[in-house]
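Several structures are given next for inspection.
First subunit A sits with subunit B, and in the next complex the same chain sits with subunit C.
What follows is the complex of A and B.
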């Protein structure tokens, strides 16, 4: 047993306020005072693994920015990553049957977008979502041999991106993957873990980005479809509006945005047009808009 | 959240993911609950043997003892709680909810659950009625 650090228990209200403001500015995630106890414990873990002796030293180093690993560790501690292959699969049905045909209908003509169809999974967590999209397109989309498709995944958390690159998954993550797909695209590496084949891994481009970081999001452009599921629900009003604007900027005119089942863009911002599809709502960046 | 006897309602949040516990616990605290946490079903059963909880919020997929087994044990003579149990999971198939109800849950919600919704549902389950 190591000697307990003083951090969490000794964190003053002023320190917590400073931390809260800093974390909000960096990530858009707001902790209210009621979350204090839980945030303290996460901060404790970060201080312990950083090698600093107390909050003051750790926080100074964090703000100084020399050690980006400190902020990354903090973000990893405080964000939620839980998913599995083919989660909320009805939205992938919608992608194949409704959204991609509409995207293709808008292409290849003069004045219309050219180049590959670009799909973004943000946040992509440990990779299940972008890889699920890749598998469903390969297995079920009749246009896959005729259309060039780029799939991108992005997340704020570097540790989950590393796991996405490695693409090793356990039974729980894979439980909804059909057996033939498992045999075709995965290699069993031990009793209950499988690795996705290199071909699919290489087909998905992974990058680190925070959806609330407007300057960083300017580099994310020209997407036809974005899946941004189950993240806006954790943001406050201001951050979710900023995220919505950044997603808008990342889409082509006429591009489509999928949100999670319990999320609603209409509550956040009026800039998207809701489109009712048989499998549920999607949000479209209006075609006439710049 | 005050109970009929004037005490503050105490909730147990059971989830193996620390960040999910953080999220659910803080929402319940904001809604006025005292909150304790457990990282798996076994820890939850242990906690419930020592403390009388007014509400349980239980994840499904956890190591050692999963959510279904946990809820069954909480409802069995071993613990015998009559408090409302809310199960929250990423699993969205109808059979997952059926299994939760058979185990003894009062309500099954698919993650993520918004702040407002969790607070309302928790209050409703405690009050056995519809909140304002």
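What follows is the complex of A and C.
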């Protein structure tokens, strides 16, 4: 999961306000004054790594947009990525037992869907979520030999995507992975680290996207299931609404959206239909909608 | 069968090479295709000149998803004239649109708060009930004091009940006399009595 990080020290109040407004417009992520200390520290790090000598020069270059690496470095610094395999696993239970059967039923006879089932993990951070989905499907979904499944992961942070592609994880990240799965799908590369099997890494498509960016999200389409967990709570109301609209547009009619357990779409947007499943709520794009 | 990689279009993360022109988006806003209308409404974000077209489309739009997209873009224009036009829908026949507009107004606190003096004396009590719903969802420090004013002063029991319901999540012991007074003002309203009688004991010990 990639979420805004609390932040900093060193900018004038005016500089902080200018920065805050700029970053919000570019990403939808809002920092309150309470996060000031942490923001300042990370901006200082960005200024130093950029080669600029002060905030003014760095910020001018950032806004000019000639060096896209400046913005990306900033995003990477100001987001925090902490997750682990099989996190909030009950939602994967729900995916297998309730949601995927409905997806197949909605597209014709089970086992003969019109095309691959498409699943998106957004934000996918360092890859634990999309790879967890892959492992659960391979190990526990009885239709996996009869249905093609595409799994996509997306995140605003390019650095975490690089780590997701490498797919090397420590014990903390893997603590919930059953030992037989660890032996079957991972290669131990040193005392504390394991790398995920290349076949699974290759099967998951990773890309950079900002869920609040409507033009970019227009290219994210036709998904049957989206996991967007524990990120909307970090947005203000307008950004949340916009993200909800973009997620709606990324789903097929009848597609399902999983949010984090503490998030509620009804406060964000009335366009989804809440569906109560044994394991909890999931949100569905209405089947009547195009 | 099994896991497959698909890098062919449509792809995640590949932006469209060129943004659509304003004229095209405005045409799409009135397309017979609701998905095209919804997408156009979202893509008109940031175009100030699109506000009249968006407000006009909202007046005639029947597809909830399109209405919601229009409102999402309009929420970005937290200015008096936009909020004033949206307020007109609080008295409309379409329940879904009324609720969607109330949610949108709650996300536009600067302009909505300036309209409250008029909304609180609107002759249509249904509009005042919707106003309580707006305040219930508004994350603004002044929202609570406006709800207190509604509980204290509105003449219609349903409006007072709606305002109490909106106040409850933030209600504290200091609000107990306000709620009890509301119950005394409307002794024949069983629902209001039920709400107050079940709420007041829970407020004990909850001070700001």
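Note that the second predicted complex is superposed on the first by the 273 of 290 C-alpha atoms of A that agree within 3 Å, B and C clash if a C-alpha of one lies under 4 Å from a C-alpha of the other, contacts with A are read in each partner's own complex, and residues count from 1 in each chain.
In this section, contacts are C-beta pairs under 8 Å (C-beta built on N, C-alpha and C of every residue); 3 or more make two chains touch, one makes a residue touch a chain.
Please read these numbers as outputs of a predicted model, since none were measured by experiment.
When the two structures are aligned on the shared chain, A:138 is found in touch with subunit C, with no touch to subunit B. Measured by the number of subunit A residues touched, the leading partner among subunit B and subunit C is C. By the touch criterion stated above, A:258 is placed in contact with neither subunit B nor subunit C.
Of the two partner chains placed around the shared chain by superposition, neither subunit B nor subunit C is touched by A:186. In the superposition on chain A, A:150 makes contact with subunit C only, while subunit B stays out of contact range.
In the superposition on chain A, A:249 makes contact with subunit C only, not with subunit B.
In the superposed model, A:169 lies in contact with neither subunit B nor subunit C.
Contacts of A:270 after superposition on the shared chain: subunit C is touched, whereas subunit B is not.
For the contact definition in use here, the subunit B contact set and the subunit C contact set of subunit A share no residue. Put simply, subunit A touches subunit B in their complex at residues 31-32, 34-35, 37-39, 42, 77-84, 87-88, 172, 230, 233-234, 260-263. Taken in their complex, subunit A has these residues touching subunit C: 116, 118, 120, 134, 137-138, 144-152, 154, 200, 202-205, 207-209, 214-216, 218-222, 237-238, 241-242, 244-246, 248-249, 267, 269-271, 286, 289-290. For subunit C in complex with subunit A, the touching residues are 1-7, 10-16, 19, 33-35, 38-39, 42-43, 45, 64-65, 68-69, 71-72, 75-76, 96, 99-100, 103, 106-107, 137, 139. Residues of subunit B that touch subunit A in their complex: 17-23, 25-26, 29-30, 61, 90, 92, 110-114, 117.
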